[in-house]
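One structure, pasted below without further comment.
Just so it is clear, A, B, C and D label the chains in written order, and each chain counts residues from 1 on its own.
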Amino acid sequence: MRLTRRDFVKYTGFGAASLLGMSFLGCMTKETTKDTLIIGYAEDLKLRGDPAKIDRSIPKFCVLERLIEYDLSSDDFVPSLAKKWDVESGGKRIVFELKKGILFSDGAEMDANAVKFTYDILVVRKHSVAPRSVEVIDDHTVAFNFDEAWVLNFAKLQDVHGLGVMSPKSVKPEGDPNGTLVDLIGTGPFKVVEYVENQYTVLEPNRYWFEQTGLEPKIKKLIVKVIPDEDTRVLALRSGEVDVLIDNYHGGYDYTPRNQLSALKKDGFKILTKNIPYTWIVVFNYRKEPFNDIEMRRAVNYAINRDEIAKIFDGWVRPAWNGMFPPEVPGMAEANIRYEYNPEKAKEIVNGKDVGEITLIVNKSQSDQILVAQLVQQQLKNVGLNIKLETLEKGVYKQKRNSGDYNLRIYYIGGSERTFYMRIFWRFLPPEKPWKVYMSDNVTEKAIAVVKEFDKTKRRQKFIEFYKALYEEAGVAPLYYEVVAVAEKPNVEGIKFEYSEPRFYSTYVKA
Amino acid sequence: MLRYIARRALQIIPTILGISIISFSLLYIFPGDPAEFIVEARYGVEPTQEMVEKIRIEMGLDKPFVVQYFNWLSKAVRGDFGISWTEDKTVMEVILERLPISAELFFATFAISVVFALILGVISAVHKDKAIDHICRIYSLLGISIPSFWLGLILIWIFSVQLHLLPAFGCCELKHLILPVLTWCFSFMAIKTRFVRASLLEELSKNYVITARAKGLPEKLVVFRHALRNALIPIITYFSLSLHHLIVGSIMVEVVFSWPGLGSLLVESVFKRDFPVVQALVFLSGVLLITMNLVVDLLYAVIDPRIRYGD
Amino acid sequence: MNDVLVVKDLQVHFILENTSVKAVDGVSFNVRKGENLALIGESGSGKSVLGMTILRLLPKNVRVNGKILFNGSNLLELPEEELRKIRGKEIALIPQNPATSLNPVLKIGIQIAEPMEVHLGIDKKIAIQKVINLLKFFDINPAEKRVNEYPHQFSGGMKQRALVAMGTSTKPKLIIADEPTKGVDVTKKLRVVELFRRIKENNKLSLLVITHDLLFAEKLADRIAVMYCGQIVEVCEAKTFFEEPLHPYSKALLDSLPSRGLKPIKGCSPSMVNPPQGCRFHPRCEYATSKCLEEPPLISNGNNNVRCWLYD
Amino acid sequence: MFKVIEIFRGIEIPKNNLCRIGLSVVLFIILLGSFAPLIAKDPYETNMAKRLESPSSEHFFGADQLGRDLFSRVIYGARTSLIVAITISAFSMGIGCLIGAVSGYFGGIIDDVIGRIIDVFLSIPEIVVNIALVGVFCTIYGSSTWNVILAVVFTNWVSYARITRGIVLSLKEREFIFCSKAIGAKSSWILFKHIIPNALGPIIVLATLNVGNIILTIASLGFLGLGIQPPTPEWGQLLNSGKNYIATAPWITFFPGLFIALSVFGFNLLGEGLRDILERRRIYE
């Protein structure tokens, strides 16, 4: 037969050669960039459509700037686009004086109208963090009216849901807060030049911002690539597809898996982290057997070895021994709380109690939390509590959470610095909602006292009381204190954190 | 011939109806209220009663199941699957966006697989029971046994992590295409190789091949002019049938390599609970499969002279 | 050297999963120049296998021993390439199932022209012209149109004639016709006989007809070889055979003809996997003696040979 | 069981290479699964000190992210996969064969309707529907192994139905059924005494191949995070949890995948081998 081995060798040889050729081509097309920084990010930036749904992170610190920022270390609200402000009507009205001469990336001036336009986007949507109304007093003065006289009102103005100030030209029809976002224009260090939904966004330096600050842009392009899957993002960094991974740390998901940071570091990648007032906790279903019993809640707190849990993350996070927040949070150190790991005590409490089937639910969209939950399950098993672990898809987790169909769940309190106050509002204040983590007459009363207080020193005292009350009632079982992280290739320089956000205006990439 | 086409086309209607019922019912296995999900998914806020009510009326969710089904079906056959629950776009727009990306992966795989499957299949059949045939057969069994997601990860480990030769993920350039195509080809080609081998062997066992050999034809002519020419009829039809993989054909490969095609879209939509998209994908892939079956039948009629010239 | 083909002690074993079957067991015979030899036997007696063995067309799971001499060279030992030059050129095979023996997707003309192209190096166009002449010769009309048709457009008889045309196109020295009357109804059998006579008129060739059809053999054959259960039990002149057959099996076979009393042979054909010991026919033989448990050799009886102790 | 031996009687299984290798692989996996508690340690026991340890004489396959012994998890994974796959196969076989037999036996309008339904299920892309269904089930009820079982059975019964229907239709025409009818046998008697025993051979082949496929499907779902949930060890899910360690701890990915491939390969080989045997038997007959 003539179709012989020779032919076979010929064909396979051809195949192998072509594949090899393709892979060489692959290598050749890989560009070595010096003036482009590629960021791997979990979410689409949502720069079209509803302007209230713009992604919570990157556009809001690259493209947009906020009126004010929050500094956790001093517990102060600090100026940003606003130069200064007056609090009127006992706190129900805040009047901001804006900085002058700030230009949008299209060259138009940022003024009170732009601020009103921005916040009207929330007002018309009756958003839960929206002010009641926004008034333009003159070109550079704008007033916000609120229903309650709370210091929380400041937090609302710079929380994640609140927006950075954008040009009314960003939407169509122009200036209509109900309009559709077509081209996000802000005052921040970068401007959007290209946006492909679900794939990437290209940002370039905003000339006006750099002129104003007297800085020199060191990169020409910032590309934000959307890579929804956490593992793929890490692989992308490893394979050189992206230079930097940054977290979307709003709601406890879509971040660089913490348990991979060490491996990345070992392989030469740089890891920047910053502590944030963000804590992973076990939430008790405190309205239901058996965790309506304070003793049982204490037993869980005794049973959890927080050091072991932190080991999952190879030391990138701190074990949550001293209360609901890390010590740098206002009042936390002074509260002087210390959780105890004492499995014997836990056993004693549990012993002889008929607790029935206990379910622990966890949102499985993060591999980290699945690991944490499995370890918690094992630790509780060691003290005689048999736990049924349910790893749930995001939606079902929410649904079970909302219906109260669980005993324990893995959840988080706090967040980035600027969401700190809002999270206390979201987690501890009435009205009762499924996403609240613990409410009792005592704790709730103390939490309200915190967000009402305008005076910093008094507020600190109230914080301490609130922390202590929560600890006494064993309201939650804190596990570990989260960080915000940036993982970058070794040749990336100049990314730094401001508050809890990575900033790129002085970033460059070495050849 | 025309009558034959018409009859076959009519025959697939009940099947398509069946598939539409299955895909439509996906949403109605819900004990709860889909309207609530829509509100949550679309607005990202806790649903209020009035919002839910509004959505319910807007989407016709207040009507009886059968009415809703026929509404859905009558739109679906026109390619209108409603609006995505998570994006402000129609389902069709979402799908059409991803289709070319899937198509790129599919056609690259398809082309390579067809060529190599033919070569391997012929070699294997011609050298039946020799070493090379055993290798081909073991390969074709391995091809259907080795999970593509594992193979993909192993390839990533070799080519991306260890050798830094190829990107582990990404889309739309040649270098991104290589690993996913390689991974998919491994199984795709295996099935095809097996089929080519079996078809050719069947033809080689037929009497006309003995006639051809008895004529003293060189084996090359016996295989290529006689047997393969006949075997090509089932092979071509079978290969065209696999065109249905165009829609959601390579879920695992797409997921492993984060290839933003329709397979990934399906999985994402499942996780995001964007059920209109899931419905549409199930329906469309089913319809494509049925249609390909029909096309293949007709193709058969076209390329086989027995049928072409038959009465 | 008056013989075109000499088969000596041929053995063909089919190797199966865990057993082997002797389909042909120690067969010897010869085909003389210009003669018609009919190889007859019941279905399953191994005669078709024998025909295929001559051209080495059997599947790969067979083991063949013995000698097949054609023009002095042993076909069984020829390299594949040499043998290929004999197939279709020197020895043609007319296969047994006209219905399936033509390639369904190739035009008839091309198929008939192939041997000429391959062996005689005739250009395709010229070859097709020759095919048209052949078709006319074998009454396939209108030949110019038929040459471009596909097998399924041909009737059974036409297919057979096409195959005959194909076999004769290169003017071979020997034609092996495998069951040419299989599936042909009685009324048309004469036409087949006619067809084969026609081949002979124009060619000085030998014909080896493999058939189970005694009447057909009677009309066509010069000599008869009878096969039973993988062995040749009798070789003799056709006349002798039909007048006074030697072997009890031959007798029984003839007696089973409708014209001669329609007397069926008692018992069943033995299994090839496990053939009877000694004379393979003895369990069904009227004349069987205890000696028959030993295998009889091929015994000469005048011009004829017979494998039976009766003639020892 | 006797019937099974009867069907494959006369063929020495070890003579068939495909079968022999396939059978040994399958037996190997089954033995691993059944004797998991003897071979392996506690697959749930965490030990943070051993986190991500590479393979060693103590941990043959290394340790995972929580310091659990990967070898034990893989071995117990065999158990999970086999139990779930066999459950699915059994349910599908029960449902499929019953529907197929009823359809083929009674014919008429019942057969038309069931035939149409079978057509529909044959033309749905299985894995797509599996994913969609598991997704929907998870959304409603949360993750559980029953989701996987239900979703796969939903698409899987049809091949059994088709094959049973075909066999019943062809057997119905054969003489011995007429004989039985002639001596006044009841429908159910014919069904159980003639049809089912005759259909058993092809169905066993199908089931063997099917178990392999199901193992692959379960693993795929597990890999997507839709299948059996941790901490229960399951191969696809182990692979999934290992995929982000492909660069640092590739063994977490490597071994579960190897076992998926091995067991699917084993079942496929065995199935193919059995099919060969059946076909050859048919030729002999």
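One rule holds for everything that comes next: a contact is a pair of C-beta atoms (placed from the backbone, for glycine too) under 8 Å apart; a residue touches a chain by one contact, two chains touch by 3 or more.
Computed from a predicted model, the values in this text were never measured in an experiment.
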**OP:** Give me the ID of the chain with the smallest distance between its Cα centroid and the all-protein Cα centroid.
**Re:** B
**OP:** Could you pull out the chain whose C-alpha mean position is farthest off from that of chain D?
**Re:** C
Original post:
Which whole number of Å gives the spacing of the CA centres of chain A and chain B?
Top reply: 39
Subject >> Distance from chain D to chain C - Cα centre to Cα centre, in angstrom >> reply: 52
Subject >> For chain A paired with chain D, centre-to-centre distance based on mean C-alpha positions, whole Å >> reply: 43
Subject >> Where chain B touches two or more other chains at once, by residue number >> reply: 32, 156, 161, 218, 255, 271, 273
Original post:
Out of chain A, which residues touch more than one other chain, so two or more?
Top reply: 235, 238, 393, 395, 399
Original post:
Considering chain C alone, which of its residues make contact with at least two other chains?
Top reply: none
Subject >> Interfacial residue positions of chain A with respect to chain D in the complex >> reply: 230-231, 234-235, 238, 257, 259-260, 263, 266-267, 308, 311-312, 361, 364, 367, 370-371, 374-375, 377-378, 389-393, 395-396, 399-400
Subject >> Touch list for chain B against partner chain C, complex >> reply: 128-129, 205-208, 210-218, 221, 225-226, 229-230, 233, 304-306, 309-310
Subject >> Partner chain B, residues of chain D touching it in the complex >> reply: 116-117, 119-121, 123-125, 127-129, 131-137, 139-140, 212, 216, 219-220, 223-224, 226, 236, 239, 243, 246-247, 250, 253-254, 257-258, 260-261, 264-265, 268-269, 272
Original post:
Along chain B, where are the residues that touch chain A in the complex?
Top reply: 32, 37, 40, 44-46, 88, 97, 116, 119, 122-123, 126-127, 132, 156, 159-161, 164-171, 173-175, 178, 182, 218-220, 223-224, 255, 258, 260, 268, 271, 273
**OP:** Using the touch definition up top, name the residues of chain D that touch chain A in the complex.
**Re:** 44-46, 48, 51, 65-66, 135, 138-143, 225, 229-231, 241, 243-249
